[in-house]
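Have a look at the structure below before the remarks.
Each chain carries a letter (A, B, C, D, E and F) given by its place in the written order, and its residues are counted from 1.
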Amino acid sequence: MQKEFVVISAHVGDFVWRCGGAIALHVAAGYKATIVCLSYGERGESARLYEEPGMTAEKARARRRAEAEAAADVLGATIVFLDGSDYMLRVNDEMLHKTAAVLRETQPEFILTHPAADPSNLDHVTTFNFALEARMVAQAHGHPGGAVIGAPQVYSFEPHQSELCLFKPDTLLDITSVWEVKRKAMECLAGQKALWDYYERVGLQRGAVSRRRQKGKATGPIYGEAFQSVFPARVDLL
Amino acid sequence: MQKEFVVISAHVGDFVWRCGGAIALHVAAGYKATIVCLSYGERGESARLYEEPGMTAEKARARRRAEAEAAADVLGATIVFLDGSDYMLRVNDEMLHKTAAVLRETQPEFILTHPAADPSNLDHVTTFNFALEARMVAQAHGHPGGAVIGAPQVYSFEPHQSELCLFKPDTLLDITSVWEVKRKAMECLAGQKALWDYYERVGLQRGAVSRRRQKGKATGPIYGEAFQSVFPARVDLL
Amino acid sequence: MQKEFVVISAHVGDFVWRCGGAIALHVAAGYKATIVCLSYGERGESARLYEEPGMTAEKARARRRAEAEAAADVLGATIVFLDGSDYMLRVNDEMLHKTAAVLRETQPEFILTHPAADPSNLDHVTTFNFALEARMVAQAHGHPGGAVIGAPQVYSFEPHQSELCLFKPDTLLDITSVWEVKRKAMECLAGQKALWDYYERVGLQRGAVSRRRQKGKATGPIYGEAFQSVFPARVDLL
Amino acid sequence: MQKEFVVISAHVGDFVWRCGGAIALHVAAGYKATIVCLSYGERGESARLYEEPGMTAEKARARRRAEAEAAADVLGATIVFLDGSDYMLRVNDEMLHKTAAVLRETQPEFILTHPAADPSNLDHVTTFNFALEARMVAQAHGHPGGAVIGAPQVYSFEPHQSELCLFKPDTLLDITSVWEVKRKAMECLAGQKALWDYYERVGLQRGAVSRRRQKGKATGPIYGEAFQSVFPARVDLL
Amino acid sequence: MQKEFVVISAHVGDFVWRCGGAIALHVAAGYKATIVCLSYGERGESARLYEEPGMTAEKARARRRAEAEAAADVLGATIVFLDGSDYMLRVNDEMLHKTAAVLRETQPEFILTHPAADPSNLDHVTTFNFALEARMVAQAHGHPGGAVIGAPQVYSFEPHQSELCLFKPDTLLDITSVWEVKRKAMECLAGQKALWDYYERVGLQRGAVSRRRQKGKATGPIYGEAFQSVFPARVDLL
Amino acid sequence: MQKEFVVISAHVGDFVWRCGGAIALHVAAGYKATIVCLSYGERGESARLYEEPGMTAEKARARRRAEAEAAADVLGATIVFLDGSDYMLRVNDEMLHKTAAVLRETQPEFILTHPAADPSNLDHVTTFNFALEARMVAQAHGHPGGAVIGAPQVYSFEPHQSELCLFKPDTLLDITSVWEVKRKAMECLAGQKALWDYYERVGLQRGAVSRRRQKGKATGPIYGEAFQSVFPARVDLL
């Protein structure tokens, strides 16, 4: 049976900058990826769009949605939009049960989402809590829908300023083999061009650090992504 | 080439109570285990021995050493004694270079040792720092001895009171298949009989918790051991 | 005047597993105990019930309520149900003012509730915040109802996975004398039979640890419960 | 252009006790100060008023509002009331957008508000989160209103019990030159007379501590106020 | 049998400023108090003495010793000097075994010492670790000397800047009844006159805070001292 | 009078990678910079040198010393070598008093050194503690040498892996104007060529983040360095 995983993303850009490599890598390894995107990020992360004359929130939403679809397509993932607004993102029970349904349907191996804290972007904090809530609802009996899920790991992906968000990565993923795919997905986000090089450098730094952790390979990772586990991992060997 | 790992233990009992299952499990999986034991624990953890008339520190050391050798033997591990005293354990450069030499020789996949904090037992804190120092020395050029090592993961094993030691496990190991071996090794420690059942219950609790994390297996772990990684892990898939 | 205390519990089982000993012990010492139970736990903690054919959320609620009443009865406590749903528990102002009224009426010596954090069960986090809110409302002038309360201590009781919840106990209670009562109360929870032995072991571990802290008694505690104070304690002697 | 700053305060007293010196000092230095006051504190912090016969919440609100206006006047600040209730303070989107509008209008150099944690007063926690939300909304394109703001520093001011609130000050402000103004503003709060001396002593302690940090001045600060930065500061020299 | 307790103090002043009230209070309640003073504080805390012409470290030591003896006398405590130097305080095994002997002899109910962290005064950190080491040595079999001790609580007393030292008090002691004694002991420290009022205000603030925690007493504490427990407490009732 | 500051660096490279920009910037602003370098880093950070045939620790020391002198020269700083060895760095009282003498002589505005924690490099931790000790000794009366110092701020500079070292920057310094100087100083470190680009990217990331914090400038920082304050800052305005 095909393994699956789910990404829960506050805004359009987040699933690209922060875990686009993980998505592409696992898709390449045969996993099915589903992205749940809570908002279009049409306010907080589209400053560039508003430089165009006549830009409105509605137009910005459409533009960001198209960008997100293109990026998801490049990464090989299915994307589900929950149609929320950003800055401030407000979630509701309908969005929650829709996400829980995605989790029940996909029975994911793991969930990727934002870290628990971010004083500069509370939409991210809302999304982290929303992801944990959706996981709980999907675990509980007595709700309508498919089979309950087990206890999949939740990984927080890297925020914009890791130390401000108390992000302490425990898992470094080698994304060298899919770097070109991630770069291409980033380039779908025309509204945030200023971040392309920023996140290329993030990838290089995480690659350089994980290269130091690798034993006896001729060549180590060049690009990496960093994650923090919310729950302990159950393993068969250390 | 056979994979190896190293355990750095403050006292005789520690490597049994805290990671006896991990040792037996990896030995069963074909790894070679080397235990570096810094002291005999003849003072702090041998209260029972002192109930015998005529007991001295010297006799207690000999008795504990024999127990440790028996336990290591049951677990299938090689044990190296550094002959320190406990309560208070004082380390020195000779002990450090001896341990670094073990690391260079074995080129371990990982190192197991105590957690960073323990206000009720500073010997454990000394050992944690000592283990990190030995790892640094073994990584450095310019010391005599074999090839430098890479950057093996260091796992802290579970202390007596986890919350007092700020121990936050991120890795739960299923040791069900080797439980009988661990129990037998514990029973080698005649001087600490009161702890046998205590650590059997620890094993059951860690097993119960990790059972909840397991997807779609008919029967989950019954016994477990808990570990906390000091460094981020480099992985190829999440 | 009879001393009183209040327990604020997310689900039916929580007040039994986590502080059933504290309840029985203080009742035996002459305190009056009131449990405020926010939900019936009919979804998240009743997996076993759903194995019965024809089980519905409504039936599960009734069953869990009966179990809770039986357990409270065994412990000698009064129980008040706030009729919330679980997984996700949502609280409202009516529930808040009802709870504040209980606090004003009972003028409790202390309040027992969940810890502040639990990524695997946000209902517990909701309840912790709800308990602090109810305490604030009960302290404030200008609300209808009885005399305002002082500043009673709030103790967090032990969660399922203490380290995951950042639970750091500062208070170990000897519940040996009422262990049989707690066990009998646990056995009222037929829907969660798998947890009886788990929590018996928790009791034994906390007993063993607190035994080490006891000076000059012939026999120490066998069973214990662990708590973490939210506020500093005011004392007359150390 | 005149520099401005904004204070976001849960209750009437907070902006006086906790940053009255900072307000007076910056007003004296030519800044324009705007206080956004979320509630009148008519319940939680007006115990003394309720000793008067016939006191009601409505009367208490009016009384506290008058006190707040008098105190703001003494400090030289403009005050905006959002008309919330306290104990429990509930915020809404209207309050949020009103505050964001104040931020856009004033383009503040910095924002002063409560710390992130306070288990004894969740109104303060609500206000901290509200302040971060208002800052986000004011930063975002696509909302109606004036020009978006940059990324002004947010300083948490000192809570009643610093350690309980995990308050770790990184900035000590010398308010000696405006102490008499702050004292006079405190004395406007007739309903909380018991706190005047308490906060005079807080001022003296913070002054004494910052005196130790001062190089080569003949006379150091006598009165101080303490703040904790939420974000890193951008500086041109250390 | 008379109950005893031990104070382990880095410098002469520390046992007065930080726990002089606790000492006097317990002595008044019939406890026997023993102070172990590691150094005379002749360098770091005697700036005032060096304003006298011809002052030397030797003279400063003698002067501070006499002050300490006078203060201990006022508090009703026995004082033992270990003759260390301060700034930097260096401890050794002789000092350690001397202190362990005091612990074995007195079999203390509790130990008072510095907190674990203080970046502005590492002598305090050295003393905290030294106190935990002495407790371990006194608990261990196989050392010469009297009966081993149990597991007495260790309380950290309040440092000069609580937040800088990560000091989070969990215990507030009412020292109102012995305030005059503490003040008189403080006044024995002629070399640090500048601190008398500072620590009087600390006493008033801690008194004010603990007054809020007290139920149904006509008059609450006026002066207090704050402590942080290192280990969990074993209790018979909450 | 010329302002001065002091850098305390474990190894040769540290003062270049981590605060070379701060040094060059303050020198350009008229400060005098003195670097105290505890070791030559001839073991832990000179892997590349050992690829040359016939390399010895002694030769490596000489080579690294020359590189450090060249780098200090480029940055405009005076450098003092304490001649320690690295991996493991051991400090002693002679080194301590030498450093305290530098502090007394220079009366620095601030001190730059490593962060408090680094499990992968305990030499850095040793240096952090050493710097705090030297500051204490320089503050104390009764030692031989010049006038005691005040309480200069200590800034921790950025370690190799910030999250692993619990590094939480609170101060972002714009080093754009001196970037070429820092790059040139980095290039003096021929033995660590692999790090040049790594630290160029660090500079770009810190620049990008601080650019977001800047109000109303046409062009923001391009390169930055990040620092964490050990002590609160005393300020005249926020």
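The rule is short, and it goes like this: a contact is a pair of C-beta atoms (placed from the backbone, for glycine too) under 8 Å apart; a residue touches a chain by one contact, two chains touch by 3 or more.
Owing to the predicted nature of the structure, the values given are computational and were not obtained by experimental measurement.
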item: Where chain C and chain F overlap in contact partners, by chain label; value: A, B, D, E
item: Mutual neighbours - chains that touch chain D and chain E alike; value: C, F
item: Superposing rotation of chain E relative to chain F, computed on C-alpha atoms, to nearest 5°; value: 120
item: Farthest chain (mean CA position) relative to chain B; value: D
item: Interface numbering overlap (same over half, different under half) for chain D and chain F; value: same
item: Separation of chain B from chain E, taking each centre as the mean of its C-alpha atoms, in whole Å; value: 37
item: Length of the line joining the C-alpha centres of chain B and chain D, rounded to whole Å; value: 52
item: Interface hub residues of chain B, defined as touching at least two other chains; value: 151, 164, 169, 209, 231-232
item: Touching pairs among all chains present in the structure; value: A-B, A-C, A-D, A-F, B-C, B-E, B-F, C-D, C-E, D-E, D-F, E-F
item: Of chain A, residues touching chain F in the complex; value: 160-164, 166-169, 198, 201-202, 204-205, 208-209
item: Contacting residues of chain E [partner chain C, same complex]; value: 5, 22, 25-26, 29, 109-110, 112, 150-153, 155, 169-174, 209-210, 212-216, 221, 226-227, 229, 231-238
item: Residue ranges of chain A touching chain D (in the complex, touch as defined); value: 42-44, 46-47, 49-50, 56-57, 60, 86-88, 119-123, 164
item: Residue ranges of chain A in contact with chain C within the complex; value: 96, 116, 129, 132-133, 136-137, 139-143, 148, 151, 154, 230-232
